[in-house]
Amino acid sequence: MINKILSLEEAMAFLHDGDTVMIGGFMACGTPEIFMDEIVKKNIKNLKVIANDTGVPGKGIGKLISAKLIKELTASHIGLNPETGAQMTAGELKVTLVPQGSLAEMIRAGGAGLGGVLTSTGVGTEIEEGKQKITLNEKEYLIELPLSADVAFIHGSVVDKAGNVFYNSTTRNFNSIMATAAKTVIVAAEKIVEIGELDANHIMTPGIFVDYIVGGEG
Amino acid sequence: MINKILSLEEAMAFLHDGDTVMIGGFMACGTPEIFMDEIVKKNIKNLKVIANDTGVPGKGIGKLISAKLIKELTASHIGLNPETGAQMTAGELKVTLVPQGSLAEMIRAGGAGLGGVLTSTGVGTEIEEGKQKITLNEKEYLIELPLSADVAFIHGSVVDKAGNVFYNSTTRNFNSIMATAAKTVIVAAEKIVEIGELDANHIMTPGIFVDYIVGGEG
Amino acid sequence: MASAKEMIAYRAAQELSNGDVVNLGIGLPTLVSNYIPPDVHIILQSENGILGMGELCMLGEEDKDCVNSGNQFVKVLPGASYFDSATSFGIIRGGHVDITILGALQVDETGTLASHIVPGKMVPGMGGAMDLVEGAKKVIIATTHTAKGAPKLLNKVTLPITAVNKVDMIITELAVIEVTKEGFLLKEIAHDTTAEEVQNLTEAKLLVSSELKTMLPYQE
Amino acid sequence: MASAKEMIAYRAAQELSNGDVVNLGIGLPTLVSNYIPPDVHIILQSENGILGMGELCMLGEEDKDCVNSGNQFVKVLPGASYFDSATSFGIIRGGHVDITILGALQVDETGTLASHIVPGKMVPGMGGAMDLVEGAKKVIIATTHTAKGAPKLLNKVTLPITAVNKVDMIITELAVIEVTKEGFLLKEIAHDTTAEEVQNLTEAKLLVSSELKTMLPYQE
């Protein structure tokens, strides 16, 4: 069996300046904080981040915002972090806002090898801009394209040594779909267990999606 | 709390001649057999069935085939039930074959309110026929449209009285996605438990998708 | 004396029926759950991944892993379930939410809504609002009738649009308005106002229902 | 003396590396799992919803809920997981299966495959084959070199196509052939044959590798 467990330092070697990075969590719930801290510590810059939101200042992705490490952001909501809006207004940060449900489907499509999905969400709004539209049965849809990333940083509540992940309660959110959509997937585990300790029925992300495991989260 | 538990007889009142019906299972594993038997008993005809396959003679959807109750079939595989092929050849049964992964996405799209999904599966094959194609970044995709049904008959290993479903092992297959894509969803439960007995983290189909529960399966 | 927000939330709660799957937006709509009649059992969805959400946690009751979409610690009821964001918006976009109650910056007489952005001022992003308004079977806007005296119920939305022709009903402290093909239909007014007064605070023309009623007054 | 099928399965098994996620088609490809070198640990996917599939069950070992895609009772290994069909084909279509080994009716020199239908004769349907061939990182066809003497490796597929330009490698009892942009490249031949004999049983032209090797002979 391949050893997937790395130290925080080893794991961070997979992230480089300018990479496209998916970061799990919803308003910092289920965001892998140890990676946020380490990215700040290592000062890895010009990141293109795909995430639901940017948390709040000092929490979750808010840490990367405060340290001005993000160059481009794709998210559904930035309202609870005024620093994000300020950097956007100052032209330091390029923000692409995407409806939350479309964002989830675009990430899923990236992981599932779909060329895109058709959604009526956003039809008739600014979300249409630059997107291809299609009419089926007299209803208009936007073609939303898949998203993928160089690295996904996710949170796991219980992770076995094969990389199988169980997410507790509402920490699942974007973590399980992001695990499918990046070249390198690194999970911050609250608890690491032996292979076989997780019930095969309760595994939410199969281990094949997880490249590396770092302990010490949460 | 609304009572969702019905007798087999009561549940079958929701199915009518000519209905479009989704039936869960993969080669009869996870197919709700009590409903198959009851449909045959009640002789409900001219059904338009959406399912992965038609099982084998005498098992799963094979029971409906043997009784000649299916008029139109959308499936990915019929090879292990020679009666299906015979009825097709005799012009008694209209069969539309769909790649298994596309079938799963089409059902999911039906439940998730997507207008369709783009897949390269089937490009350059007979599957293209009658379908809209689209080229994105120099790659061709088929637009696969959502599927939905009047009634979905699914199997559940453990079902609580609110309709939350846990599927054991490989019985999940098409059951969980079909539960999202039909007007009326009826689950054949192997075991019915009180509300709260299933761990909220282990529920695979939230109870809001399940209209009725029938015990006595498996 | 109840505040306008309390009055709106109270009235909106009366729209909910037993068994409804409901998603409440952040802010005023969240208050609705305080006023649901005791014999009405609804299933609250939170788009970050809960069906069967319960009350906010009191201090000391928090489970660090269980929050609502407003990032508040919440309890869940027996029979609740958790899921990921793709599944959550499958529930929403797929029409499995019976009612969503949301706030608004502007609504117009075609049911078009602006709720997520004020260019140059407030740029929070749409979060889940666009999908909710697109996908929920019934969309109720719960909002103060005006913004510091300026009408919010317009002939035509001027702010960036959140969703086109999707609002079914508007509940304010002054009125209950149904969005029909003919435009705004005034169905109820508060006991201390008149249809004329409501019209004066509304840019779009109000059709007055032949069965105009008095809004159910707020009760503790 | 090993049968052609055993020889093919044995050779195909040598293509697997430690950690590979592998999906084996029904029939001949399923035999491959019997010949995986003991130091190679792969993760078998079954498209009905398993990662980490183990051996077939012996009589009396069956769990009625746990079958493979050929509807046989199987065991699962520690670390296995179950999932639904949409997730399963997300794994397949999304390129998370490293290798799929499948049978074939015909393959042509462009890597186009026919495997699922013979009009008027055999109409089983494509099952998961179209998605597997489309999505797997590497597609290996494990098949007898001919069908009762008739070539299966053609200039151009004549049966209904399963997937276009997707086959990477073909393993038969006589040869190992790589599908390159220039066409079929003969890389290995069985110890008891010659490149000429293989060419005689192949419709399409074979380019012979400058490093032509003898196939690893079958060992128990």
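A, B, C and D are the chain letters, set down in written order, and residue numbers restart from 1 in every chain.
Just so we're on the same page, a residue touches a chain if its C-beta (ideal position, glycine included) is under 8 Å from a C-beta of that chain, and two chains touch if they have at least 3 such contacts.
On a predicted model such as this, the values are computed, not experimentally measured, just so you know.
Among the remaining chains, those touching chain B as well as chain C are A. Simply put, of A-C and A-D, more C-beta pairs touch at A-C.
For the pair chain A and chain C, the distance between C-alpha centroids works out to 29 Å. Put simply, the C-alpha centre of chain A and that of chain B have 32 angstrom between them.
For this pair, chain A with chain D, the centres built from the Cα atoms lie 35 Å apart. Inter-chain centre distance (chain C to chain D, centres taken as mean C-alpha positions): 55 Å. Taken residue by residue, chain A touches two or more other chains at 105, 108, 112-114, 119-120, 167-169, 200-201, whereas all remaining positions touch fewer. Residue positions of chain C touching 2 or more other chains, listed in rising order: 82-83, 86, 89, 92-93, 134-135. Viewed as a network of touching protein chains, the structure does not reduce to a path, ring, star or complete graph. Chain pairs that touch one another, listed by label: A-B, A-C, A-D, B-C, B-D. If you check the complex, the residues on chain A that touch chain C are 26-30, 52-53, 75-80, 85, 88, 95, 97, 99-105, 107-108, 119-127, 157, 167-177, 204, 218. On the chain A side of its complex with chain B, the touching residues are 105, 109, 112-120, 132, 134, 136, 139, 141, 143, 145, 166-169, 200-202. The part of chain B that touches chain C in the complex is made up of residues 1-2, 108, 110-114, 160, 162, 164, 180, 195-196, 200-201, 203, 206-209. Residues 46-50, 63-67, 69, 71, 82-86, 88-89, 92-93, 112, 122-131, 134-135, 160-164 of chain C are the ones touching chain A in the complex.
Against chain A, the residues of chain D that register as touching in their complex are 18-19, 21, 41, 43, 51-52, 76, 78-83, 86, 89-96, 134-135.
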